[in-house]
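Going by the order they are written in, the chains are A, B, C, D and E; count residues from 1 in each one.
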Amino acid sequence: MIDFIWLIIGLPLLAAILLHFVGRYLGEPLSGWLASAAIGASFVFALVAALPFFDGGAEASTVLLWEWMPAIGASLEIQWDPLSALMTLVVTGVGTLIHVFAISYMHGDPRFARFFTDLNLFAASMLTLVLAGNYAMLFLGWELVGLCSYLLIGFWFTRPSAAAAAKKAFVVNRIGDVGFMVALMLVFTSFGTLTFAGVFERAPDVLTTGTATAIALLLLVGAAGKSAQVPLYVWLPDAMEGPTPVSALIHAATMVTAGVYVIARSAAIFELAPAASTTVATVGAITAIWAATIALAQRDIKKVLAYSTVSQLGYMFLAVGSTAYVAGIFHLMTHAFFKALLFLGAGAVIHAMHDEQDMHKMGGLLKRMPVTGFTMGIATLAIAGIPPMAGFWSKDEILASAFERGGWFSFLFVIGLVTALLTSFYMSRQWVLVFLGEPRWSEGVEPHRAPRLMGVPLIILAVLSIFGGLVNTPFRYTLEHFLEPVFEGISVQHPPEGIGMFLILAGLSVVAGLAGAGAAFVTYRQPASSWQRFEEGLQPLWGTWENAYRVDDVYGGMLVAPGKKAAELSAFGVDLPLIDGAVNGIAGFFVGLGARLRPLQTGYVRNYAALLLAGAIVVVAWLLAGGL
Amino acid sequence: MVESLVFVLMAIAAVAGAVTVVVARNPVYSAIGLLGTLFAVAVLYVLQLAHFVAAVQIIVYAGAVLTLFLFVIMLIGVDKDETREENLPYQRKAVIALGSAIILVAAGLALFTDFQWVPAASEALIPESTNGTIEAIAEPLFTTWVVAFQATALLLTIAAAGAIALAHYRKRDI
Amino acid sequence: MVDPGLYMTVAAVLFFIGALGMLVRRNALVMFMCIELMLNAVNLTLISAGRAMNDINGQVAVFFILVVAAAEVVVGLAIIVAIFRRRSTASVDELNEMRG
Amino acid sequence: MLSALILAPAVAALVIALIPARRSEVHLPLGIVLSIVPLGLAGYLFWIFEPMPGYQHAVDAVWYEPWGIGWTVGVDGISLPMVMLTALLVPIALGASTSISKRTKEFVVFTLLLEAGMMGAFLALDLFLFFVFFEAILIPMYFIIGIWGGERRIYASIKFFIYTALGSALMLAAIIGLAFTYTSEFGTTSFALADLMQVTLDQGTERWFFAAFALAFAIKVPLFPFHTWLPDAHVEAPTAGSVLLAAVMLKLGTYGLLRFNLALFPEVSVDAVPIMGVIAVVGIIYGAVVAIVQPDLKKLVAYSSVSHLGFIVLGTFALTSGGLQGAVIQNVNHGLTTGALFLLVGMLYDRRHTKAIADFGGLQKVMPVFAGFFLFMAFASIGLPGLNGFVGEFLILIGSFATLPVLAIIASFGVLLAAIYMLWAYERVFTGEPDKEENRALVDLSPREIGLLAPLAILVLVIGLYPSVLLDKIAPSTEAVLDHIESSTDFVVPAPGRLDFVFTAGGDS
Amino acid sequence: MPTPEVNWLAIGPDLVLALAAAIILLVEVQWKPRARALGLVAAGSLVVASGLTVVQWLFAADAAGSVAELSAFSGMILMDGYAIFARFALLVVTAMGIAAGWQFFSDLGRRCAEGLALVLLATTGFSLMVSSNNLIMLFLGLEVGSIALYVLAGLTREDKKADEAAIKYFLMGSFASAIFVYGVALIYAGTRQLTILGIGDYLGSFIVGSPGVILVGIGLVIVGLGFKVSAAPFHTWAPDVYQGAPAGVVGYLASVAKIAGFAAMARILLTAVDDFGWSFLPVIAGLAVLSMLLGSIMALVQSDVRRMLAYSGVAHAGFILTGITGLSSDGILFYLAVYGVQLVGAFAVVAAVSGPGGSSSDISLYRGLSRRSPVLAGSLTILLLAMAGLPLTSGFVAKFGVFADAWFNGHEWLVVVAVVASVIAFAFYLRIIVVMYMEDDAAAPIAVPGMVRWVLGLAVLATLIWGILPGSLLDIVADALPL
């Protein structure tokens, strides 16, 4: 079994290659089904392969595929342990559903097959990332998912905005990757290897706190880039230019959570760098509330989800930062369910509204598309943290752990709580704006119920969003035990013991959730005019949020523009005139010298004679001077 | 005693002639000056027992060469005064500079070094050894120097052929 | 008797004058005479040196230099005549088509 | 074997030259066919090459005994990849030259002569012989640029020639000096690398000689600030010229630094590590920054070469196994990707007769296959893991971190900048709607062109995922270089897993 | 009654040439034969002379450097390998020169005889010069050669530039000769010796108390010969003469003057007054630097190919002087041989491009030459690259040789200057190539005379062979040592 573990990556990859070459002949929907089948198969395979872990018996095992860069101890090896297994299941599971959804969503697109090629390639890359047995291979997947995100965001490349967004995503990610690379340099130089086993085993003996912190923070930089944390989150909202299934799969469920995964994976290093962990948590908390506020005021249905994703990722960072790794992973999983569901639902809505994304032009859709409506409703409740939805358990565990950690973290706990409030508010706002109230559709738009093929994944995800939380309910902590072997020897933060404390905290977050949701209902059930007045009333704050604090403009003004200036200066102000000028100058100097000397050759014999005599005198004088 | 007197006179004559060659505005005068120098130098030869060479000097130079010079001067009619003003830029300055430079070098040699004209001079002069009679010259000329003597033939051939090639216009060529 | 050095000094002076003459006269013929002056200086040097060193070869050498001088004269005058035929001038200052 | 490798192209050139010019239709095809021969030989060489230190298949024939010069050629893990690269790219470059309309015959002849020269330069183990080839290849390249180039071809070709010759001239002086030192130490005269490696120079002299060699190679690479001939040469050169120039000829510089500077002047090389490192890193960043705003695709790729080659030099002077292996393999990688990029730009130029980025837009819609190849190669040169560029740069970065941590960190920003200029260029050229009228009619790649690009693409992928295919053969030789340096200086190659080293050695950069 | 010591072999080649010259002149007066016949006579004499030279070589090889056997005419003439090699080079260059300029000679009409005779006599003179042991003898040879060249320079009448060249060459030449011979006289005064070997022995065995006069003599000798080889600053005549002299002879004129002048200079400096090396080598080095830089830089700005070649010749003089600072005769001989051949070949192309009777050699005439005459363009390219010193050509080997010698003799800095200068020189060689290959021009194709083809073929072949297999010539020059 374990020897064929590579099939998990291999199947989607194979499908991708196949589709790349024969896809256009398969056409739709066949190529879509092929892709879905591939990833589905690897889900099944992963499930079977993961069975041993459920009874906690099996050991983690690594499989060496082949040497990659021996000089730096980098090889392609798969590590199969509960954590990677869990991630694999999430990726393949959610992935399969989204694939299926996409078959009908992408219906009619001229580059249908290409889309599934890229989607499968992404799946393969993501699996490479989570199955990697060493940092080098992890980085391989890390970058490949970035590539696929680039390809898929820019899938509709004829839209300049899409192309720009794709480039932005990749470049911003690259900024993080620089940090990541430097981290790897440090790791290799300290350990002489990049394999997880080797590194984590010897970390305590090898690493000084200083180095550990350095590595950890650099990893954080990388993670912040990939997982859209402050200040590198700006690419994610733009990434919504991609087709909605892409947003669901890459920019909600899987890729963006890679950062969380890496930090959890590197727990052994963070263990030695508490300061770094605190930083992670703080970054997470800030991101969470920052993005939540922005999400409040968005009109674009997908932008709301995008910022909520950023915010939720902030939660996960808060979790892993407060070393509640399991909680982080847990939330990662549940979030994958309900956020994927939300995106797919939004996709269905957009599909139905003929690519209308402005929520002000929606409303009253519940009657038209009940399945979508209800499933999205469930997801909204889930994300709002209303029990017994999945989101409740995971989010609550995060907050509880942060609270339990105490000190600075209790402040972060408060932020988290406030964010919870905001979250439920803007999510409910969205749901209400889209599905309730009177239709505000622009004329000609005739919403139709989502095709069945779209509906099925929605329902499945809805179910998961409801019961997904039960894998790690308090006091049973199935997931906790499942992941124990991964984090053994590492102090993992747990929620407070004792039912009382738990109830208090849970109560708090539930209250927050309900309050937010209630407020949203109250506000947005009323006719448009009134809630528009409400939003007006919150100016200018509301406007600032709507414009996402103008961060893009700030970056543009502070980084991009000056950078371009600098480049132009060095190209046309330094390179051409100075450096090249010097080269040509030297050449010109000799030619000029020649022209200067030419008159010496006057053509007059008597001048020649004078020159000759002068030469003679010099020669003789020199000889005498040297010889006597 | 006598030798010294003659030497002084002839040295002056030679230099005077040379100066004439350079400064005379009329080529004819220059030629006459050259003639004077040649004669004076010939006498200096005689003073040093180079009788044969002196004779050749008079015959070949004064006789043939100089006549040729005058002949050409007349032929191409440049026997008229030339202006003295210098129309080449810097030439005059150059001449002055170079002249003084040479004098400086010479003065330096004479004053600051134990300059000897003939460091290899033998202490005792043996007049017979350099008594330039015809026999004395002929003997090395036709033994040691014979090949050089032959080479002079080439020289004269070239002179002849060259003169023809340059100056002799056959009817066809004109 | 007179020190040979004096003779050679005179020769040097002649050579010097001849050399400067090359620079100051623009008439090809006169320049040419200056060259003759220089050759005479050489001859005088050779003879004086030879005498000082009891060596007859100095005089023999002079003989050859005389021949060379003669040959040079012939060719030189031929060239001057050829030029004069075409340009009717003997001034080298008017010959500077080629320069630079 | 190796002699055949060098002589085969020369003979081929001769054959072509003997065909009368009016049979212009046969020259190019025949040239391509004949240039397969060296490729075959190289392939066979690769097959029989034993992964072990030292030179293999060495030939040592006396050339002129009194001068101690000889036809001394041999191949090791450092030169083998370069030979492969040369042999592979010449047929491709020729295949890409169907648009050469005038004087096809001369073109093919010059290209083949160029190949012979480059082979010789990579295989020569006698400094005299090396210099002969090193200098001789200027001539065909000069003609290729000067005759078949663009408008400012003459300026570019002369600049290229003089500039490169200047560097090598001083190297010649240094070579003579080395030989002289050898003679005064050992009595006999010799120019063989193996012999000259034994001379002991006083530090002053060694510094001068090192500088002379380094300058020659720095101009060839080209390292900042000697790079300005490169953009001109590339912009003006015909496609084949650009490909061979970028892919192979520049490598003579990096190869020379690795093969000669490190071997002949270990002492100074060790001292020079910080300096060369700084120069290299400045090149990396500077080249990339300048590339961002280039209005011309070829110029952009040219400046990107400056940046990439900076990595190679950095790796070379990192003096760690990672760095050296990275440098060698990056030679190949840069050859493949940049060569391919120049091919692509050339194909575009053949269709559209412009290289200005501003003239394009939305090409992905009209020529998707072309766009696909371009994006592929672009990502390869960005250093995307899984493609070859990453292998080299990652090895170099990690390898050099042990010796020059600060520089390595700065250098890693080059990777970021690469993404910026490549993707921005891609965005402007390929995405959006093809709004310009001329662009709408463009036809996608022909099977021939795909055939030219496919092998490169495949190699890019293979090296990216299974670099051992090269590294196994490279590693012994690079290790030998390090052993030589360690044995002849008190330098200790930083062993991985000794972080303390970093922060002690970190100071000096 | 003493008798002259005669050794016919020693002067055999010269005798043959002189005889041929005489025959040509006399026959012409009497029978007015066609040019071709005269040409055949000249060619035959050159062949015979070369043959005799080879015999001399074999003889010298047996003699193995014994002064007694190798010096003839009571030490007036030397028959050492050095002289023989230089003479052979002169003969080859002469043959090539005549062949290349045959167009010109046959066009001379009735004066063809004089032309050929002068060429042969000039060669005779120079070959005596390179083989003479006696400075006066050397001076005689020099004058024989030079005077003949003066005439040749002014031989054509179609072109006014010719006689300007002639008079300039003549006046400056005589001036330089006078200076040279004065130097000889002073050396004589200082050493009582006129023979090179004698001077060498004398200076080797005695410490001269006040060497001032000898030093002045050496200086003047350097100046006189420096003029012949057109080393800066005594080069001023070269550009004008190269440009003005008839295209048919200028190649010959340039190369024989260089070969003979340098052969003589090297012999005097390296065997006669070598004990003063410590005092004159710096001066030589200075002249070398000046020549290399001035020549290269001035050539950059020329628009006339002949002037360009003249200045490049100045630069080459500098390189050869560099070789003299290396105190190695063989490097110099190699350089002279290959450079002489290249020069004749290059000027053969120049003559062909200027066309019969044509005297202009402006660079614009060379536009698109590669189309109009691939042969000319191709060979000129190779020859120029050789002059530039690109590898695989004889020029590179030659440069490398002299540089190495100079370095080995402790003139590192000079070598550095030299390599830089040679890079500057690349620029103008390339310029000609650019014009020929990279600028197209629809001018009419050029017909290349068969003779010229042969000459070019020979020159190119030699250039490449000696470049790729230098041993073939280096082994010979290695034996061609002066006594």
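Note that a residue touches a chain if its C-beta (ideal position, glycine included) is under 8 Å from a C-beta of that chain, and two chains touch if they have at least 3 such contacts.
Predicted model only: the values in this text are computed from it and were never measured.
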{"item": "Shortest walk length in steps over touching chains, subunit A through to subunit B", "value": "1"}
{"item": "Innermost chain by mean C-alpha position", "value": "D"}
{"item": "Most heavily contacting chain pair (counted by C-beta pairs in contact)", "value": "B-C"}
{"item": "Per Cα centroids, the chain farthest from subunit A", "value": "B"}
{"item": "Chain centre separation in whole Å, for subunit E relative to subunit B (CA means)", "value": "30"}
{"item": "Subunit D and subunit E, separation of their C-alpha mean positions in angstrom", "value": "44"}
{"item": "Distance from subunit D to subunit A - Cα centre to Cα centre, in angstrom", "value": "37"}
{"item": "Inter-chain centre distance, subunit A versus subunit C - centres from mean C-alpha coordinates, in Å", "value": "97"}
{"item": "Set of subunit D residues in contact with two or more other chains", "value": "162"}
{"item": "Multi-chain contact residues (two or more partners), subunit A", "value": "587, 598, 601-607, 609-610, 613-614, 620, 624, 628"}
{"item": "Sequence positions of subunit C contacting 2 or more other chains", "value": "8, 18-19, 22-24, 26, 31-32, 48-50, 52-53, 55, 57-58, 64, 68, 71, 75, 78-80, 82, 92-93, 95-100"}
{"item": "In contact (per the touch rule at the top): chain pairs", "value": "A-B, A-C, A-D, A-E, B-C, B-E, C-E, D-E"}
{"item": "Contact set on subunit C toward subunit A in their complex", "value": "19, 22-24, 26, 31, 92-93, 95-100"}
{"item": "Subunit A residues within the subunit C interface of the complex", "value": "598-599, 601-606, 609-610, 613"}
{"item": "Sites on subunit C touched by subunit B in the complex", "value": "1-2, 4-10, 12-14, 16-21, 23-27, 29-30, 32-34, 36-37, 40, 43-44, 47-60, 62-64, 66-71, 73-75, 77-82, 84-85, 88, 90-91, 93"}
{"item": "In the complex with subunit A, residue positions of subunit B that touch it", "value": "88, 91, 94-95, 98, 101-102, 105, 108-109, 113"}
{"item": "Parts of subunit B lying in touch with subunit C, wherever the complex brings them together", "value": "3-4, 7, 11, 14-15, 18-19, 21-22, 27, 30-31, 34, 37-38, 41, 44-45, 47-50, 52-53, 56-57, 60-61, 64-65, 68-69, 72-73, 75-76, 78, 82, 86-88, 91-92, 94-95, 98-99, 102, 106, 116-118, 120-122, 125-126, 129-130, 132, 136-137, 140-141, 144-145, 148, 152, 155-156, 158-160, 162-163, 166-167"}
